[in-house]
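Chain naming follows the written order as A, B, C and D, and within any one chain the residues start at number 1.
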Amino acid sequence: MEKEIRNESLPSCVREKVHDICREHGCDPGELIHILHALQRTFGYLPEAVQEAVAAELDIPVARVYGVVTFYSYFTMVPKGKYPVSVCLGTACYVRGAEAVLDEFRRQLEIGVGETTLDGLFSLDCLRCVGACGLAPVVSVGDRVYGRLTPEKVRGILSDYYRAAED
Amino acid sequence: MTIGWQVLVCGGTGCRASQSERIEKALKEEIRRCGLEDEAQVIRTGCFGFCEKGPVVKVIPDNTFYVQVRPEDAEEIVSEHLLKGCRVRRLLYVDPETHLRVSDSKHIGFYRKQLRIALRNCGFIDPENIGEYIARDGYAALGKALTGMTPEEVIGEIERSGLRGRGGGGFPTGLKWKITRQAPGERKYVVCNADEGDPGAFMDRSILEGDPHSVLEAMAINGYCTGASKGLIYIRAEYPLAVERLKTAIGQAREAGLLGDDILGSGFSFDVEIRYGAGAFVCGEETALIRSMEGQRGEAMVKPPFPSERGYAGCPTNVNNVETYANIPVILLKGADWFAGIGTERSKGTKVFALAGKINNVGLIEVPMGTTLREVIFGIGGGIKNGKKFKAVQTGGPSGGCLTEKHLDIPIDYDNLLAAGSMMGSGGMIVMDEDDCMVSMAKFYLDFTVEESCGKCAPCRVGNKRLHELLQKITGGKGTEEDLERLRNLALVIRDTALCGLGQTSPNPVLSTLDNFRDEYLAHVREQRCYAHQCRDLTQYFISPEICRGCTLCARACPVNAISGERKHPHAIDPLLCVRCGSCLEKCKFGAVRVR
Amino acid sequence: MERIATVEELRQRRESYRERLELRERSNDPERVVRIRVGLDDCGIAAGARETARYFRREVERRGLEALVVPVGCMGFCDREPTVEVILPGREPVVFGSVGLPEAERILEDYLGHGTLPETVLCLPRRFFFPGAPEGPGDDDSGREGGEG
Amino acid sequence: MNGNTVGLTIDRKTMSVPPGTTILEAASAAGIRIPTLCHMKLEDLEYENNPGACRICVVEVEGRRNLAPACKTECTEGMVVHTHTPRVMNARRTVMELILSNHPAECLTCSKNGYCDLQKVAHDLGIREIRYRGEESVFVPDRSPAIVRDMNKCIMCRRCETACNTIQTVGALTAVNRGFRAVVATAFGRDMAGSTCSYCGQCVSVCPTGALSGRSHTDEVLKALADPEKIVIAQTAPAVRTALGRDFGYEAGTLVTGKMVSALRELGFDYVFDTDFAADLTIMEEGTEFLNRLRAEDADGERAKLPLMTSCCPGWVSFVEQHYPELLPRLSTARSPQQMFGSVAKRYFARLLGVERRRLVVVSVMPCLAKKYECSRLEFAVDGNPDVDVSIYTRELARLIRYANIDFRALPDGEFDRPFGESTGAGVIFGTTGGVIEAAMRTAYELYTGRPLPEIEFVRLRGMEGIRSATVDFDGKPVRIGIAHGLGNARRLVEEVLAGKSPYDAIEVMACPGGCIGGGGQPFHRGNMEVLRCRADALYREDAGKPLRKSHENPCVQELYREVLEEPCGPKAHEWLHTRYFDRKNGGTEDSGPEK
């Protein structure tokens, strides 16, 4: 009945970063979502150890942090790809064929929604309306937003990033 | 240095996605190159609302409205238009009915019937310059309230104006402010709900990006009326640009003393903070929003107690939507009677709609309440894309219903839409044409609700999942007529027993499509046919041997090579392999490929 | 932007910012202001129309006139460039020819000032222009029936 | 309505109730039963779990659009309620079908069969068919030493989350995920052993279904009983005898000691002893340790080791190890009665019988789930052979008795075997909150002052309030005692100790509200404090009826010290009856950790 070792040794720089960010928000549990946003921007994702460090800093149960992380679709415990692909599946984009574009991305990258490619370059997610309905269907890769996509254009976009990744 | 020209470039999310920033840079370089920098200014504004035709550039003083501008066009705009005063014809908007090129935005059909109150400053002022907001009577309403009116008088003015909540519920704003004011508690909060989860609705985003100060001013007025000194804006994480503009605006307002302590010497102090969402549609519901702002899981709470009595941190909290706030300053300046003069008997003022879907003019429009759907879709929206036939329009997003041909002439207002089986919602309006299958539209909305339900109460957590599975069965060709009955009973029970607004309205898309398109459901169930060819399992692609010339174009286009046959001989599609993507149909020049 | 302490200061600050927006406000509904339309096409520029336009702009601002200087394209009267069309609110447009800086001054003084046509400035009759002359610069089709595909 | 009551009608019965009363309360007061699933009212802990999540208790309120949850909707003046209209019954049945559609239909093999709220309500609603079938959640069951979690049976009533977070403040369980996949679970989906759970079992005692249940060791017990080689010894905790009768139709608090002993003999136990004997032993050790610490404080004023905190509750010990490791030195080093009994049995009694310790099987019958975890701790075993082989809880013993078809009510009253069946009144009251410290004081006072305690019953220490305190005068030296039951209350006392502001010299903590009589293994009391009071009174009655009432008067205990242990807290006693603790907050494991 061995109790699994929790808080496995977290690199000190990560622990400090968590400490600073929590302090910036006054270690107030009410600011948990802001803190998690800041941490995800810093580390790219929220692994278990980071969540435990946050719980310790804010003196709240780690289960509550995990409950919040798994509730909101924005937070992820799996590192995203270098170029995170988000296909908008809002109604405007759906009606203009976003599903076909999503299928094409699935076929090209050979991963499902929520997964990351083995080489870590791409991850594929769906978003609920980024508010650029004029350009439906919309896909964003990192911060860049592509409008009026068709399945045919998918290959071209990906090849740009593949080339960018080489050099 | 007298400015002769001002070139306004749309800085909304949509246009920025099409590199409107590079257009700005290119215009500025071009102006410097032509030595016009002391005569011509480039100003980034908020969203003009005409997203379909974005990026939009408007040249002042002749009010020329350029559409779908590319960074490379900057050189021509400066040299032709600014230098020689000669408009660039190819960039002008072509009116779909008259096929005429129209330059002045006032004459464009899209804008002609609009009355822009909430969007008054969008596309006109530079959102990152408080001066321009002040120049258009910005913060005058706050000044008037703080120094000239008592909180009760301000609330009375709002009540008399007949303003109702623009977030979707339509609760009278004045009454809500009064309840929050009367609720006991020395610490109170004012909240702006900028979660805008409805897919296909982006009016809150445009207001926050184009005219953030109007929301800040209205929140301060709300704080003065209800006795709150702290305002919180709950904004979704998917709007980074709006957050950026808000931060700049808050900074400038604090600097100008219009936020913070002792505003305009009135002794009233009020400040605003931004709170981020993190991707949860349910947090558009008041109580879930408040729990999310408290760093909790966004699960809705049973009402009453209403947030006005006990909300954020247990204190009375007044939650209003962005668009509701945008109307407040104008009501105080122009008076409740002016506002009450607009709109219908029980729905006053204007409503902003986000037109999207199979429509020519996708974009943001603001029309007086009482305008008919026909005017909005055909008059302003420019009719259905590619000349297809209108089938239905969905209002109210996942909580709304769809309206058909027979509803086109009812004047839009809260009560009429409810009576017609839909609802106002936040204003998302998705137009569908003959190629859209209403059963799969209902399934799309249920898929959305199942994904976004917070999972707290059984009817929504399990009920919507079962509704979605029933619809999957029907669109998969395995549905029975008894399933249609079960669909209806389950939908009615969910609406009757769900805990919060999301659950109570999630069956609306099913119920309204069942009522308005019963024949389509029966076609799916009895004949296993989807006449809109959208339900893949019910669509059959085949090649008619008489017409096919064996040119093999379709075979080469097929991604799963389901098409066989030698050159010059009729080809055939293997129904088992075919994924019904439709590429063959597009490629075939002879119309040999058919859909059944 | 320093602190605004009172409502009065707010009003003053609004006046000071108004000017920056004035151009946009007027261009939004030009009918309510005086419109001074300067032909700024190639031959106009060659004849010094740019300086005329600059002069009008500076003077309108200096005198605080409720006017809008709008550069427009060729009005068709080539040998009388620079040509300037002036439309007082609610009045028939009047077109002046060979408007240099002195003529511009006269137009501002007499026509805008008192509504009387200045003698020394050539006043061109309207009918010289092809019927349905376009509302603004260049040849957008808003004035023309039918139109290209 | 006269001033402060609200008049309303439920099912044509008019009544008036104080403001703030919910429809559920008003209805039950008028004899109208409304089914509930997630509602749980803990009167004395002033806590009500009514998230309004299950929607089974919905009723029709005239003038309201949708149905109202009776558990959460407060009565308003002139309200007209109908609790069983066709619309309400259809809604309740449909919601129940929805819940059952994602619930494994294996009642017959479920540990909660016959005691399950969901089963009862489904039965009352006469559900014969589940019309809405579809995907069912598939969670891997988690078997920790004491608690089994099968979240496929979870109906998201949030009672366990309330118990674990609000009442016990341990925070091991919370809702995770969203929508259909939402469920109550531990952090990162780890098993209970990997979480901060201290196995107090309060979640099991409130769970309406079989999602959370005690780990069953009946097979191990039956195997041992059937093995002729093994000598099987039973030790029964004081709280068991007050509640075992409940499963056989006895009133709450009926003492069934005699029948319990006979039942154990019928089952085939070779020796039936009483844990109370070890309780007296614990008092000798812990009382002496307390006096040593008191005298240490008299000598050099050093309070490092005070207040002394009791260590007989494994849930509380685990809680200190997880959350306040820095206070471990304050815990008494004495083992719990269960472990002391095991240690003495396997070392001394084995020698008396002339058998090897491996041939002895010690089975403890406890009101508690955490005891299963305690006896599995490595430090309570000698070269792999645990002092207490198996711990079963009260409900589990009742199952064994039914399994063996023993007619419990017809059994004659049996007697505990000697010598370890002998106990004093002090040992008996261990089972209730305040009992341990009262027993300790009876002995400590006499050892410290040399005179017997004047009034033997500490009425001031008794009762059910969350935190209680009292002062006993030890010949002019005031000894201040603090008592807390429920880990939430314990945390408040601990915070005082941590801050160095604790006024107490000794603190007794029981993890479960009510003490062991309210343990996680006891027959369900659903938060009904009346049941707990009856059980406590039963113990105090048995104490009053005992000839010997102070632990140090127990002849067998005296004989044990004479034969083997020499003197309390001596070297032998330390080896047999004392233990050490481990810092589990900072990754400490079984073998590392601070020396005692």
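What we mean here is this: a contact is a pair of C-beta atoms (placed from the backbone, for glycine too) under 8 Å apart; a residue touches a chain by one contact, two chains touch by 3 or more.
From a predicted model like this one, the values you see are computed outputs, not experimental measurements.
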Report task. Name the chain pair with more contacting C-beta pairs, choosing from B-D and B-C. Result -> B-C
Requested in this report: Select the chain whose centre, defined as the mean of its C-alpha atoms, is least distant from the mean of all protein C-alpha atoms.
Outcome: A
Query raised in the report: Measuring from the mean C-alpha position of chain A to the mean C-alpha position of chain C, what distance in angstrom results?
Result: 55
Report summary line: Rounded to the nearest Å, the gap between Cα centres of chain B and chain C is 39
Query - Distance from chain D to chain A - Cα centre to Cα centre, in angstrom - result: 43
Query raised in the report: By residue number and range, which residues of chain A touch two or more other chains?
Result: 67, 71, 73
Report summary line: Residues of chain C that touch at least two other chains are none
Report summary line: Going by residue number, chain D touches two or more other chains at 175, 177-178
Requested in this report: Within their complex, state which residues of chain B touch chain C.
Outcome: 2-4, 6, 8, 39, 60-64, 81, 83-87, 89, 92, 98-104, 106-107, 124-125, 130-132, 134-140, 143-144, 146-147, 252, 255-258, 264-265
Requested in this report: Would you mind writing out the residues of chain A in touch with chain B in their complex?
Outcome: 28-34, 36-37, 67-68, 71-75, 89-96, 100, 103, 107, 127-136, 138, 143, 145-147, 151
**Report entry** Complex contact set, residues of chain C against chain B
**Finding:** 1-7, 10-11, 13-14, 17-18, 20-21, 23-24, 26-30, 38-42, 45, 53-54, 57-58, 60-61, 68-73, 135-142, 144, 147-149
Query - chain A partner contacts - residues on chain D that touch it in the complex - result: 145, 165, 170-178, 185-188, 190, 193-196, 373, 376-377, 584, 586-587, 589-590
Query - Sites on chain B touched by chain A in the complex - result: 13-14, 16-18, 50-54, 196-202, 205-206, 237-240, 275-281, 292-298, 313, 354, 356-358, 362-363, 394, 397, 428, 430, 432, 436, 444-445, 448, 452, 454, 559, 581
